[in-house]
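Structure, as structure tokens:
As written, the chain order gives the labels A, B, C, D and E, with residue 1 at the start of each chain.
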Amino acid sequence: ETKNPGTFVFMWTDDIQSFDPAYIANTPSSYGALNIYSRLLNFNGSKISEFVPSLSTEVPSLENGLIKQGDDGSVSYTFPIRKGVFAHKVGVKGADGKITWEYYDKLTDAQKAAIAPGYGQITPDDVRYSLLRAILQGQSWMSNAITEVITAGKYTDIAKWVETEGKVKTFAEASPETLRKVYDQLSEQIVVDGDNVTLKLPKSFPATLGVIALPFGTSILDKEWVASVGGWDGSGDNWKAHYRPELGANPLFAEENGTGPFMLEEWDRTDRRITLKRFDNYFQGPAKLERVVMRTVPEWTTRRLQLLSGDADFVAAPVEFIDELSKTEGVKVIDGLQKVFSRGIFFAWPLDDNDNPAIGSGKLDGQGIPPDFFADIDVRKGFNYAQNYDALINQVLLGKTVQSRGPTVRGIMGYRPDSPIYSYDPAKAEEHFKKAFGGKLWDVGFTFTAYVTEGNPQLTAALSALQMGLSRINPKFKMQIQALPWASVSDKLNNREKPAAPLTVMGWGPDYSDPGGPLGAASYYLSPTGLVGGMVGQGYRDLMAEKFKPLLDEAWASNDPAVREPIYAKLQDMSYEYATTQFLWEDFGYVVTRSNIDGYVDNMILYGAWDFYPVTKAND
Amino acid sequence: MNASSPMKEVGRPLVEVRNLVTRFDLKTGLFGHVSGRVHAVENVSFDIFPGETLALVGESGCGKSTVARSIMQLDKPRSGSIRFDGVELVGAPRQVVAKFRRQAQMVFQDPFSSLNPRMTIEQSLIDPMRVHKLGSLETMRARAAELMAKVELAPELLERYPHAFSGGQRQRICIARALALRPRLIVADEAVASLDVTIQAQVINLLMDLQRDMQIALLFISHDMAVVERIAHRVAVMYLGEIVEIGDRRSIFGNPQHPYTRKLLSTVPIADPTRRPEGRVPMSDEIPSAMRAPDFVPVELPMHQISSTHYVRQVAAG
Amino acid sequence: MLTYALRRLMMLPIVLFALSLMIFALQMSLSPTQRLAAYAPSPDYLKGGQESIRRMIEQYGLNDPFYIQYGRWIGGVLTGNLGWSETARQPVSTALMSLFPATLELVVLAFIPCLLLAVFLGSRAGIHLNRWPDHVIRIFTILGWSFPVYVFGLLMLLVFYSALDWFPPGRLSQWAQTTVSSGNFVRYTGANTVDSILNGNWAIFVDSLRHLAAPVITLTYVNVASMTRVMRTSMLETLRQDYVRTARAKGLPRRVVELKHARRNALLPVATIAGMELAVMMGGVVITETIFDYAGLGQFAAKTAANLDFPAVLGFGLYFAVVLVLMNLIVDLIYPLLDPRVKTQ
Amino acid sequence: MKFLRYLARNPVSLLGVVILLAFVLIAIFAPMLAPPQSFQLSPYDTPRAGFLATPMPPSRDALFGTTQGQYDIFYGVVWGTRTAFKIGLGVVAISVLIGTVIGAVAAYYGGLVEEVLMRIVDVFMAVPFLIAAMVLTALLGKGIWPITIALTTFGWMSYARIVRSEILRIREMDYIHAARAYGASDLRLIVLHILPNAMFPVLVLATMATGSMVLSASALSFLGVGTEEGYADWGQFIAYSRNWIVGQPGNPFQFWYTLAFPGAAVFLFVLSWNLVGDALRDMLDPRHSH
Amino acid sequence: MIPANSAPPELPEDVILSVEDLEVSFAVRSRAPFRAVRGISFTISRGETVALVGESGSGKSVTAMTIMRLTEYDGAAITGGRVLMRLKDGKVADLAKLSEKRVEALRGAEISIVFQDPMSSLNPVFTVGDQIAEAVVHHQGKTPEQARQIALNTLKLVRVPDAERRLDQYPHQLSGGMRQRVMIAIALACRPSLMILDEPTTALDVTIQAQILDLVRALQQEIGMSVLFITHDMGVVAEVADRVCVMLKGEIVETGTVYDVFAKPRHAYTRALISAVPRLGSMADKDAPEKFPLLVFEPERQLAEAGK
């Protein structure tokens, strides 16, 4: 029989960081915002560049006139706000004039009549407030993305804006006047105009709608409720007090009053269990599931057995078990789901040569590597030919995905299935290695250490395969592998003059479907100010600044896909040509559920996060 | 065999103990607050002359061992003076003590804990000589064998470990070890108490021979009056940390003055069935303890002289 | 005895201070970037770029000198605030308090059978020295301590959950959880067995026992070995004692001699280590809790250690020290009941 | 001599010694039993036959099969013997050394020194072993050195306690008084008379602990902070088996070999040290007469 | 178990215990068993005190413990001989052959023993009263209250002052002499017809020793039981014994009345023993200390030691 009918038991290994949509930034945390809050727009099913109305009754476009381009290059987006949307809790005015917050689902008609206007009712002002709040809170890079949208990339976060505006070194030193001034400038760009909210951008920002639809800071809150629980009240004078809040001190941390299909019933952080309850008055109609229980269960065997016995309806599973599970009765596996995430091995140069055990002697003498080891393109190419991509994809990933062709993956602009890629080729590798460092490298060999974050057998396997490839090409090529806790890996890459890690396996994915812009795939990898560039050293950044940045800027300046696509495709080819990084594979998604579970919609740009609204659990 | 008491001939005593006081603090509570004090040795004075045996007798816990350990510099006395060969030992510098330790040795009661179980007998015998660097290894070995012969043990036994020996044999080895440095003073702390009578007699005879041969001064601690009567030149009776009576053997045994001495003598079983004591009423009194409050001030009762060599302490009233 | 116990209690602040200094020093041996991982526990959080990393380091004061950071922390501790644990998403003190009942429930339930079994097996082995019960018990206990806990735990799951469906993992079944989470069920202590009794809900009591069974058995099995050993040695020791011979000479039957006179005394060394053992179990439930998906302190501690979540590690260290001292204190206070000799000393 | 006679009379202890000797032989002859390949960076890197996660059953190429990640189990078990000895003996030797020095100093000087040292012992005792070891290995990185350091840092205290209490006991023995009375210096007393006698209970404890260190290391591997990926270490190999202990429905022991071989190695190792420890204890027991 | 077909053993009317050719061996692995007692015989009559003397290790305790059938717990076995005892009901039993169950019923009730060391022979965790009453409850089926009364009376009998209070005290609260009295009380509680005292005074202070000896003597007169007194102190023997058995290396080498043995020791070992006994007053008229007039008993002794 079906265990726990109506309740979807979801067992994963992750955790939600906070329920404040403006605070969170990673995929697991987005489960809360995605299911509890609504945004102006939603992604259209699994399509990553198509949107459907949500709290906005229309999707702005040039055609329907809701996107307007100014002569000065400015662009405005107008969102007509849906009327009559109530949040999970609304403020009911009592006989004594006091307002109490009650669950909307439980209200009697009399109480409904007594709802204080605006209290729990979503208005254009709430929309404006929510966006301002996300920007001014300045906590997460996903919220900062809104800042970038609004300033069209001029400022990456509010602190930068304030620091520039007030000409101070740090945000803390800014005067109240400066803060007020920034607030005023900002509120001029997000304006309420009748039933509409309009965003006024100084320049084009092609990824605007993609950011608006993401389940993070763009989730819409009720201003009155937030103020009533001690949050920011929307005033321009006191927002500093709400800038970068302490996680636990944030009133929205474990409480919500969204308009989404589910309500947070219980967050038992002790038991690592989140219970979501259906919101019966969801404006698009109630969800099919009555409850969703999300449990963090770290041990795979425990999760597996619970799935098999029906105690769990979904489990996060290691790749190697999906074939076996798909053959198991009562279990359903959907696999081969595409992801925008690609994995790579990053070459860094110049390396920290100060007391750095990773580079051994620090010289080209076989006992180490020189700090600019990877500055030599032949070394990078040699490494790229030494990796056994096919073995990795077939054995580690069970042939369910493809080799990555560069920063841009399938489904993103600029991806071409026929662009050049490296393959395992010892002869070519040897050829390049013999050219490197005037042939000296081949004679003396090298020794260094490559790092990987521990607990990730796939990435370790990637290094292991490279290690094997290298040592078989020339036994003097010694690459040691060291798995480190994330903290130590991060320490070798971040917040330092020069990176300490010669090689690091990692991966990044974009946060909207556009390859350009600050959070786009191409920028992540190929911009000198991008994520990867920040970690792998000045040499890499110089290369990017010289060869790649002009093209990136050119593409971003245009709104025309026909102009942009060939440029991104060219960048993709260039990343092969310059062997900037060893691109390994595109991650792929799969979901393992009981077979009576249906309705999962996979959206790449949401990284496969579960929208529980369409999900059903059938009774056998 | 017929040597008379040596004190008349030798002028200076080898050991002079004067007003020796040793107390142990009993600490309890949070900050090691002194809650009581054991007056183990109170104001004890006596001399030992070369070639003489002074017996120290008394009930268990009366402080006999503490006197012995104080003389041997194993316990630190609270006050008083101990002179050896005229040299003050209390508070003396290390070299003085080291020199003294070559000349005085101790034999302990428990033969089972007196030998290092992980050393062969030879190692145990040689160790004192090593400490004082007495010659080469060969000479030390030869001396060890000689010592074994002296205590009537076969030299072949030198390679054995202590667990292979009986209590009596071990005690003889301990005596051999004590003799290794040719001491002038031996302190025997109940050295024969745990032995069988036959072996006890042998060991005592051995000690007496050695004393005669080497003019050793012997502090013989015991609770067995019958044994003491055989071996001692002089006897000191201790009770609750004090010497209550001291004198030459004949005075003490023939004319005991202190009630405690008398009691001690009367309780010795007489190894003669024809002289069985009759009609003794079973007593049930216990030995009082020497533990006192920290602020206790001992009252010192005077000693009375009975004869030129015999002193007795006044009995406390009540 | 009481003063001795109090003396131990007075040492506690010193131990805690030294301990916190030690752990803090460990923490400070890391670079600010490494310590940032406690706040940014996965690569995702670095998407903000280098700028954002610097801002976070500044925000949490990770660049401040040792004494300032320590002072900040100890100042918090003195006001009852152990800091925020990013791993638990709760203040450290809240996390410890709310996880404690679950682990205590588990450990106490495992400790009692462990103790009884150890006493039973240990005395059996001692009585039948070098005969088959002794050999069987020795093999059994050596097996117990030469098997990694998780192997045993996974096999337990295989048999009692997968095959028999008797003892499911977790703390409660979903239906029971729904009841417990609903407002009608008062959570007095946080320990499900106790709460269900106080609420008079037998179904939940049974359910929580079903979930406790497998981890309890596992913990018992892996911990019984060392205690059995102590009991056996101690039993051998007491059986050699003169008073056992006296008891026999009195004509008491063998059972009375062995079980009353010998075992009673053999319990004493076991009692002295019991408190320690219980505390060690409270720190050693890491693996058991992970395997059986039992949300308790052990799992939490392991996660904080792996994440280098130092506020939590510090908090857990202090907590453990306090538990250890309290357990020893309890043993000290109980001991005189077992051994009349210490009462008057 | 004494030892052999004891063994002759105790077949169970004899078994322990035989197993232990077998392990010693395996460790010595590891390069012959499982020859490393020329391109291996270190003989402790277990060769892998590909990257497939799912283990493969024993075959001609892999006598004991391969475990998760296609690491050769036979190779891992053989070379893991060396690792086991390294970790076991290394941890125990260093712990005993530290513990002895601290215990001896505490017992010898007494007073404030003792108080301070024993409080330090208390502080270390107050740290939950596994968690502390985890933190330390997380700081130091994976590998047998970090493991050894972590396990010793939090494992020396019991030795210090035993040494101290033994010394306090032995210090009151008459042979110590005798030695002091004939003028033996403090150093001589400690080194020649006290320590040799105090060390025997430590030896017994250490013997028993040697085996179980492999288990502690295995627990660390389970928690993800053990040896480097692929390092020939029983603990790690057992940890690799964690996902495969429970096989597929209908074939619950499909991957038995992933656990059985390294598990048996650990079991026998622990068992043999325990039996040897038991034997040592019996032999050193003063009551034992022969 | 008594062999069914053998005739019931018989004893002369006034004999309470008769040990005949008793042999006891300890099993020593891989070596020939060690014969601790090698065929000894002696009898004890009603009301009589027999002293068993001999050097340490000569087998005195083993003999005593074998009579109680306690040696088997140490791995010994009776390899020969009989131990006949006249029970309170007049029947005669061979203790060496009784079943464990029946021996348990006799121990403490018909025959009891007091061990050497009173410090370790009392169970530290039970009160004195419990330990005395236990045997009474067990052997006589008395209620705990009755047993307590008996325990109290017995304590008074052994002259423990303030007996009521002592009843509820633990052994560690008593002095050594007091504990030995308690041990005697335990042995006396069921009024056995034979009490064995295995060196009951060696661990005690001299003055206390005298008290205990006086007590034993007085008790024997009061209750009229037989006593087997084991000691190596000839002074004690002279004080308490009627008859003496001298043991040497597991054998009894001489038996006789205490007067005969002291006056005319026949065996060389007895002579050596008696010559080694210090006698108070023997030096009364001597000036200087004197060695013991030792009689060397075994000329081959040194040889034996060397070859050990």
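Just so it is clear, a contact is a pair of C-beta atoms (placed from the backbone, for glycine too) under 8 Å apart; a residue touches a chain by one contact, two chains touch by 3 or more.
If you're wondering where the values come from, they're calculated on a predicted model, not measured in any experiment.
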{"item": "Required minimum of steps from chain A to chain B, each step between chains that touch", "value": "2"}
{"item": "Between C-D and B-E, the pair with more C-beta contacts", "value": "B-E"}
{"item": "Distance-to-centre winner among chains (Cα means, whole assembly as reference)", "value": "C"}
{"item": "Euclidean distance of C-alpha centroids - chain D vs chain E, Å", "value": "52"}
{"item": "Distance between chain centroids, defined by C-alpha means - chain A, chain D (Å)", "value": "45"}
{"item": "Chain A and chain C, separation of their C-alpha mean positions in angstrom", "value": "39"}
{"item": "Two or more partner chains touched - positions in chain A", "value": "299, 301, 305, 308, 485, 487-488"}
{"item": "For chain B, residues contacting two or more additional chains", "value": "none"}
{"item": "Two or more partner chains touched - positions in chain D", "value": "138, 224-225, 242, 245-246, 249"}
{"item": "Parts of chain A lying in touch with chain D, wherever the complex brings them together", "value": "299-301, 304-305, 308, 318-321, 324, 328, 391-392, 395-396, 454-455, 457, 460-461, 464-465, 467-468, 471-472, 475, 478, 480-485, 487-488"}
{"item": "Residue ranges of chain E touching chain B (in the complex, touch as defined)", "value": "55-57, 159-161, 175, 177-178, 181, 205-211, 213-215, 218, 232-239, 241, 258-259, 262, 272-284, 287-292, 294, 297, 302, 305-306, 308"}
{"item": "Chain C partner contacts - residues on chain D that touch it in the complex", "value": "12, 119-120, 122-123, 125-132, 134-136, 138-139, 211-212, 215, 218-219, 222-225, 235, 238-239, 241-242, 245-246, 249, 252, 259, 263, 266-267, 269-271, 274, 287"}
{"item": "Chain E residues within the chain C interface of the complex", "value": "68, 70, 73, 100, 104-109, 112-113, 115, 117, 120-126, 134-135, 138-139, 170, 172-173, 183, 186-187"}
{"item": "For the chain B and chain D complex, residues of the former touching the latter", "value": "69, 72-74, 97-98, 101-102, 104-106, 108-110, 113-119, 124, 127-128, 131-132, 163, 174, 177, 180-181"}
